[in-house]
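Encoded as structure tokens, here's the structure I'll be asking about.
Chain naming follows the written order as A, B, C, D and E, and within any one chain the residues start at number 1.
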């Protein structure tokens, strides 16, 4: 009995310790954010002492390393969006389609092989995708759309899209797999086709997971640099034409921070300003995504 | 209930309806099969291109040699060792951290409070922060502030922060999908929360957690830019012997080679990519196998 | 496979081999291949010495150099005033050593049959910030009226910096409707795939892709000169051959391994620089460097 | 007497485990057939084969013939989707969709082509009334089906099946979680429905079987020990084991 | 008469919906208490509050006091983990863990510190025998619990609970999916167990309540309409509604 009591006490202390540790773990992500905000924004403030905020947000020319200098971030912003949207157009349907196939249609054996195969796509270094886009996708595009430039947003975003397919596919598939089979059987028993079971029952029930997969994948697309740097060129021009060369925010940041530019100069500080800007953009996009997911989530 | 008369509403539609629906099913099936096939096809193409150029250059020497300016002599030993070091440490840090955070968010913290919402938003937001920013962060925090210098440790910690959001979010979704009835069944047996977590929640959620980890590790394995920021070298001709040593990793080495003018370097870059992918398969293999074991549909 | 093509291995150097320690180097990725090659040779002789070489860019390299995190900094451009001031402020004394030339080559697509050479004036007219050149015809009236597509290296690179400075008189001053890429291999792809391309980048990338590209001779008043190892080295290919550098911390130079390495660098450069695609300096340049070190 | 479903020599395996052994049985139209037998004897397995739900379980094997209106459902003469529409099944363990109550009921009708809102509303009301659930849930039709009590979920699943107006109703212990009154209502419903449908119910209640069924089958260890008219089976069982079971002397 | 659990003025809300209204009831030790009432009246809700399972459902609210051996469980005088160990609950819908049968049964004991293999084996056999399941599953102890029939799953969940040897057993319709023979066995088990434990069962079968329980409570719309000795409640109900319900005249 005494032992029992001891065990219980130990158990309770253990539980408390565990919760404390886990809370600390969760705190790390907050610390990370604080550190990021501090890293980016402290320099950004200095940057805005020299560059007008209006120019930054409304200017249509981005030439911080060229004479004359212009600091309008719109070209980079549009470039980033084009890549993110293009990649989403590829990755979301293809990824979700694959997920549905794997979870609902594929025989178990096939699934066990194909899922890890698709995941290899996530592990291929992005340089490979970059050159793939440049030497494979672009020529195909040029065949159909001769006005396509050698470096263009379209082929880069296709490559980015392919790279993030596994993120969408794998995570969505897991979410669907986790729906208990009894639900599925209930739907089949009502004379549903597989298509209906998948789209009317399973996908809605797994929407939370699918939504998260989308958000993670799109985030990854926004953050991708190498593919874009190689295949889309580095032309910060304001264009909505995906067949033209562009530059993205992240692409710009990598180039400057690893380039030969002198540190501490205003050109260099743009990295922080752009980073801060991107941080704010992703923040807003996340809030919107949350709202959309909440709107459609069937959480009963 | 007047049933027979109503039967008609289905009867009229019946045969046509079923034919259309079955057709839809088949069309849909073809589409998603195509979608999956597309992924596999691209993978095949990429692998073919890599193998075609790289395979001939792959040899024991290539793996056992240090980098060199002569493509024939160049090897990948130090980069491979560096990658193994960095990835192992990254996995070691990020897995418990990520799963722990997910558990905290899903099982411990009060849902719907502003703190929880903020944490949640914050984590999805971190997923969108570009890797180069993590590099800056790592430089400021790990290299400078904590004085870990330009070491494997700094690199691994930086990558840990970079991939943490993916692990957290994937784990959260997996944990959330554990049926409430199972958790209740466990609690009803008078076991503690942590015992319920280890006994029911984690086994059920494991496939999803592993998927997140696979994707995250794959990403970490291919990152070059943030590591360059925290001071990973481009050329290292010795093997690191402790987490505080200087290092390089495969993607940096590969990137170096691809940016050389000489054709041969592009070929050994391909060989390097093969090594990277082999390492990736190896690192993820265990996770894939575990996942296959646990991923069975529950009743 | 190892088809060793390395002669320096045979040199008997074992007797001095008691050097150890770590030489930290960082900086430009352009200079990286040279320093790497030198380090490779050096380590063959002194296996106890560790030489990790970073690639965080000239600017990033100088930053670390100034913070005393590195002993040697690779630089694809001379140190800037502010950087030099910072070094001074931090008490870092250094010596600047030229180690090689990189001949910037101006290139067009092989299908381009009309351009053979350009004068510096024409280059300036084409690339000037306020340039009105849109088609080839705007450069020389006999050339076709097809729109030129401009290609340039990353605007943050030393190459770009040098070109704009030399041609347009001010670093960063250039027309703004060009396509850029950080990776010269990518530029090769771009120019090779675009009939009306005109671009410039490092000589080594041209040498390796001669079949895909057509190089433009540059006329600096003394007739058109094609970039070759020889013309770059003897200075007749002007003004587009730029020097690249290493910077050595004087305090670090006190350490035997750093000193030995620096000397080794300058002594071996002539032999090794061409092997990695750059152009060696004239002998007296290296001698000048050596005298600074010793 | 019209035979709706004719089962011949049905044998069923889960992996190597033979769960049904050579079952032959005739399900009559417009009659209620009750299946009884101890837990684990194969009742659920049997009725699940009747609309091919067992196809969905990996590693199962089935032999024999099942004819629906003379057409062999095992040979795909009727395809599974249509079969399941015509042969409705209510599972033993309630499995409502994680949707609203309303969406649960209209799920089937919507799939089968009914889009009209008024018509759907009517179906919902009728079906829920049929399942004796309407009064309890009419105010929370758009609330979650998972927030219902056990018995309410069971009735919702019955309603969901009724909404499809199948020709055959297979009910696996449809009233196990219901109180006597709700049970009585459901039984009354069956009495009405049987004018048009064939109904098969699995039940553990001898009384229920006796009360409502026309024919009864007694399963034991995967075998159909005895099958016949309910009143005869309960009063003059041919088999000793049946007698033991119905008199409670068994085991 | 010793009171094991004393419930006073218990009121319970799901969100705004009041599912239990001011319930006061005494659960006697070494007695069987039966709870009856129409589907959806709050029986499950009630017994789930007795071991604080409802804490786990978001948006619920509970008022009143529940004393276990005189200690207020709502005020954390007993912590929830210990409470649940002492007050075992079998759910209405069987919820076996997706593990083997063996692992299901030893899940609780293992976590409460029993590691000895022989001891665990013994617990498994005893508990499964208690739940009248041993004979059916003894050869597939390491097979998946999800491959069991409905009734087998229900008995497994009973066994899982028995393995913990709680002081109070709460059973939500424990025999709803069981045939008469299995039911009888479980009832016999209750008779044995009640020598040491307090037992509360929710049942829809008046017969069962009458057969085995000492006290019976009748719930209606979240209210405890009547509570008292079983024989009195069934023969001389004080409340008209109780009488209507037990005679089947209700509704």
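Criterion: a residue touches a chain if its C-beta (ideal position, glycine included) is under 8 Å from a C-beta of that chain, and two chains touch if they have at least 3 such contacts.
Note that the structure is a prediction, hence the values are computed from the model and not measured.
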For this session: Using the contact definition stated above, find the chains touching both chain B and chain D.
Result: A, E
Exercise. Touching chain A and chain C alike: which chains?
Worked result: B
Problem set entry | Most contacted chain pair (by C-beta pair count) | A-B
Exercise. In terms of Cα-based centroids, which chain occupies the most central position?
Worked result: B
Exercise. Based on CA centres, what chain would you say lies at the far end from chain D?
Worked result: C
Problem set entry | Between chain A and chain E, centroid-to-centroid distance (C-alpha), Å | 49
Problem set entry | Whole-Å gap between the CA centroids of chain D and chain E | 28
Exercise. Roughly how far is chain C from chain E, going centre to centre by Cα mean, in whole Å?
Worked result: 82
Problem set entry | Junction residues of chain A - those touching two or more other chains | 11, 180-182, 193, 196, 257-258
For this session: For chain E, write out the residues touching at least two other chains, lowest number first.
Result: 81-82, 93
Problem set entry | Sites on chain B at which at least two other chains make contact | 21-22, 179, 192-193, 204, 228-229, 258, 298-299
For this session: Name, in rising order, each residue of chain B that touches chain D in their complex.
Result: 1, 3-4, 6-7, 9-10, 13-14, 17-18, 21-22
Exercise. Along chain D, where are the residues that touch chain E in the complex?
Worked result: 14, 36-40, 44-45, 92-94, 136, 147-152, 155, 172-173, 176-184, 204, 206, 245, 248, 250-251
Exercise. In their complex, what parts of chain D are in touch with chain B?
Worked result: 79, 81-82, 85, 111-114, 119, 126, 129-130, 164-165, 189, 192-193, 196-197
Exercise. Contact residues on chain A for chain C in the complex?
Worked result: 61, 63, 65-69, 130, 134-135, 138-139, 149-151, 229-230, 233-235, 237, 245, 255-265, 267-268
Exercise. Taking the complex as given, what residues does chain B use to touch chain A?
Worked result: 21-22, 24-25, 28-29, 31-36, 38-40, 42-43, 45-47, 49-50, 96-97, 100-101, 103-105, 108-109, 119, 121-133, 135-137, 140-141, 161, 164-166, 168-170, 172-174, 176-179, 192-194, 204, 207-208, 211-212, 214-215, 218-219, 221-222, 224-225, 228-229, 251, 254-255, 258, 269, 273, 276-277, 280-281, 284, 288, 292, 295, 297-299
